[in-house]
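Following are the structures in question.
The two complexes that follow have chain A in common; it is paired with chain B in the first and with chain C in the second.
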Partner chain A sequence: MSGYQTGVLVFLAFNVIAAYSVYLPMAAGQLNLGIAGFMAIGAYTSAYLSNELGWSMLSSVPAGALASCLLATVVAVPVLRTHGIYLALATFALGQIIAAVFLNLEVVGAAAGYPVNEYVSPMVVVACAAGVVLLMVFLSRTRYGLYLTAIKNDATVTDLMGVNVRGMQISAFAIGAMVAGFGGALYGHHYSFIEAQHFNVLLSVFTVLYVLLGGTQTVLGPLVGAVFFTLLPEALRASDQWRYVIFAALIILMMLLRPQGLLTASLLRSLGGRKQGMQQ
Partner chain B sequence: MSATATLGNAGALAGSAAGSTASDYALEVRGLSKSFGGLEVIGDLSFAAPRGKATALIGPNGAGKTTVFNLVSGVYTPTAGTVLVNGQDITGVPSRRRIHAGVARSFQNIRLMQHLTVIENLLIGQHVRAQGLGALFSPFRLMPKHRWWKEAQQALDECGLGAYAQQTVGALAYGIRKRIDLVRATLAGPSLLLLDEPAAGLNPTETQDLLAHLRLLASRGTSLLVVEHDMPFVGEICEHVVVLNFGRKIAEGTLDEVRQVPQVREAYLGSEEE
Partner chain C sequence: MIWQQLINGLMLGGIYVLIAVSFTLAIGILNFLNFSLPGLFMLGGVLTWALIGAGWHWSLAMLVALLAAAAVSLLVEQLSYKPMRNADPELPLVSSLGFLVLMENLVIVKWGSDQQSFPALIPDFNLRFGGLIIGTAQLISFLIAVGVVLWLSWFLKTTNTGRRLRAIAENRDTAEILGINLARLVPCVFVFSAVFTALGGILFALNYLQVSPFMGENIGFKGVAAMIVGGMGSIWGAIVGGLLIGLVEVLSIYFFGADVVNILVYGFLLLVLIVRPAGLLGRPISREKL
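The block that comes next holds the complex of A and B.
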């Protein structure tokens, strides 16, 4: 595998992890536009623990994920009182605040960025992305996954069925942030350098785009979305500067033709029957 | 003299609600009121639904029937009054905990999860019997022979709906969805089932199927509180009727008894002056 191919594969793996961090809360009907902020928490926490305190990656990366999870749990209580566009704006603001904090935090390099000592190999990144996919598939086969779908469909009815809707929403938001923090931590260790500017709103928006265009009805939708929108710009490289125009046009076209996403539950059922269907 | 006081049977029932024992009534509503801003939609409402029987809550459109359901199921918090289920005061109990007290409900507008299959909708209805983290994170959807699938399928089979198990709800006919909504509500094993216009939009065959279904539930000891406009349907299944108008009780008794009450006739047909 060439260096370029390896680079694309790793980029894809990070995008898959990011997509699933957005997918889980979205499965419960929450649009998290601050996912880049949670990636930054994971990245900086793991890097700091590794650089300054000598933690091994085996403990610093989970610690980064846990830090994101804890922050998400704390902020979820007030933030998840909002819904719809207000939730999107609140999470967007949260992401911006986190990025701004790291941009000014001298102990981790501030605007100059922060070199990360320990290195994680491409294969480990890919294996971790596969692990995240398997975790999400697992969750989709549990009552937890079923209840998230139910909450997205009708939170009042789900509540009357006895499901702790608020607890489920907070947990989905927190687990999503944990996955984002995990991805961010791996990102720092793989590229050996992090800067707050990387964790900007564009990263959050693109990640949401992978999920929406891949489809939120099935657990494999974010995977398909991330693969499609990672590989497509690469395939369009030959068209030079026009690739961004073509890419944007394709996104608009897909939104018009398949607003429900590339992969839907009915499509999966028709392709492979109920037993193979990964409907969530 | 109020219409309620003129009805011997109903008056006795309403009067006994205040001092009943836990075994007498599935539901007791005492002095229940609900206001939205300055608008009172339910006012000082008291009635009781006998245990193991079907009680109808009827009245013209806007009488407050669905609001009563929302107050009993916890969707709304009452402005005043108490709600007792099997003698237990559930007025302050959060809506999601009321199913543990034995209260389940169906909806006037079917509120099934449209993108999910029938059996997946039923799995959600089982929640109250699948508690704990082990149940929450068990990957049972990878196990086609898991008992939760079997129980849901069995519930469908009992109602003659087994063939629809794997179909997406959104693709089903209205009458079938109505029945599935009912099956989902029963999966928690409720002692009190609130049914909001269960026969609305059903054809005669579907209505007969529904009646058979409700009789089966009643025979198993489930108490029913039914909001319904179809009076022949009410007459078939409900032994006790409570009539509301403008959020207040205007009569209570058997269907034949309440039909004789002038206020009921006026509420449905209008006064002679009109």
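The block that comes next holds the complex of A and C.
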């Protein structure tokens, strides 16, 4: 595999991890526009532990994910008092605050960025992304996944059915943040350098776009969205300056023509049906 | 010189008021969080700069920039709002974000991603009131911003069109049954909000003598914060919120330095969202908007 192909593959793996960190809260009806902030928490925590305290990556990367998860649990209690568009804006504000804090934190290099000593190889990153996908597929088949869908569809009825709605919502928010922190920690260790400016609003927004464009009805939607919208701009690289223009135009067109996303439950069913037909 | 800082904050707040009013119009009347507005803010400033650079007279350049913003906004209405107004609330929001990314990158393709300096159109003449200094450009833009918003408030309150718009805000279906022509009025809302936000962009360029493709992201998003702080859907809320955000920004620079602005401005937003989601002047939310 050429260096370029490896680069694209790693980039794709990071996008897939990020997409699932947005997907899980969204499966419970929460639009998280501050996911980049949680990535930053994971990246900076694990980098600090590796650099200054000499932790090995095996412990510092999970610690980064855990830190992000803990922070999310703490802030979830007040933030999840808001709903819908207010929640989206609250997470947006949270992401801005976290990025601004790291931009001013001298311990981790502030605006100059922060080099990371340890290095994660591309294959490990790809394997971790695959692990995240498998974990999400597994979660979607458990009762937990069912509860989240139920809460998204009607929180009141779910509450009446005896499900702890509040706990479920907080856990979806926190697990999403944990996945984001995990991705961020890997990101820092792979590229050996992190800067707060990377974790901006547009990173959060693009991640949300991967999920919505892939489709939120099925657990594989975010994967399809991340793959399609990572590889497509690469394929369009010939017209370098124009690729984001084309990307944006595609977003508008997609929302217009196929607002439910690329991969839908009915599409999966019809694909499955055809396969069965062929077997007969 | 705390008084001087207060004045600077109010002047900056005037620009946030314009953006917040645009957002509040779209969300109050149409229930649509229109994220293409920061892009139109940028477009107003950058197009004016480009046309003046091409040798146009400044008045003509501003007029064309406002018209262009209105035209793009009508496109947003056709492609983002109209086909999806009954779908999930995220969809029009995401689609309008697509327009923001599109505008930013088209401007980068055409003029590059650097910050450009905007010519000083208003002579650098300062008014002095007992030790306080107010720049003419600052004062003129503040008066324009406040004037335009007060006019809008009057327009919505007293004219027939304003009454129809308020009826749509109250309940779109009932308004339609009562014979209000939605197909004609909804584009009006988009033109209004586009013109206000683009005017904000032009005034920002006039005041701070700079434009860049990212000014929408940096300044425009603070307009969203202003709208929420004041209260979604309320014009007076947008005025109060805009001025408050301007004050918070300038005072945090004065007391703590420029680095902590985003922490304080967005921290303030988060606090308001948690403690009083309806905003300072908004009506308590009976049913969730959007």
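In this text, the second predicted complex is superposed on the first by the 271 of 280 C-alpha atoms of A that agree within 3 Å, B and C clash if a C-alpha of one lies under 4 Å from a C-alpha of the other, contacts with A are read in each partner's own complex, and residues count from 1 in each chain.
Rule of thumb we're sticking to: a contact is a pair of C-beta atoms (placed from the backbone, for glycine too) under 8 Å apart; a residue touches a chain by one contact, two chains touch by 3 or more.
Being a predicted model, the structure only gives us computed values, none of them experimental.
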item	value
Fit or clash between chain C and chain B when superposed on chain A	fit
Contacts of A:Ser266 with chain B and chain C, given as first, second, both or neither	first
First, second, both or neither for A:Val165, with chain B first and chain C second	first
Touched partner set for A:Thr142, first chain B, second chain C, both or neither	first
Chain B versus chain C as contact partner of A:Val79, first or second or both or neither	second
Contacts of A:Leu256 with chain B and chain C, given as first, second, both or neither	second
Partner chain in contact with A:Gln217 - chain B first, chain C second, else both or neither	first
C-alpha centroid angle, chain C to chain B via chain A, nearest 10°	90
Touching partner for A:Asp154 - first (chain B), second (chain C), both, neither	first
Residues of chain A touched, compared between chain B and chain C (which is higher)	C
Which of chain B and chain C A:Val108 touches, first, second, both or neither	neither
Where chain B and chain C come nearest after superposition, their Cα distance in Å	12
Partner chain A, residues of chain B touching it in the complex	73-75, 95-100, 104-105, 107, 111, 113-117, 120, 123-125, 127-128, 130, 135-142, 144, 166, 168, 188
Chain C contact footprint on chain A (complex, rising order)	31, 78-79, 81-86, 88-90, 93-94, 96-97, 99-101, 103-104, 201-202, 205, 208-209, 212, 241-242, 244-245, 247-249, 251-252, 255-256, 259
Residue ranges of chain C in contact with chain A within the complex	33, 79-80, 83-84, 87-95, 97-99, 101-102, 105-106, 108-109, 217, 221, 224-225, 228, 259-263, 266-267, 269-270, 273-274, 277, 288-290
In the complex with chain B, residue positions of chain A that touch it	138-147, 149-150, 153-154, 156-165, 217, 265-266, 274-275, 279
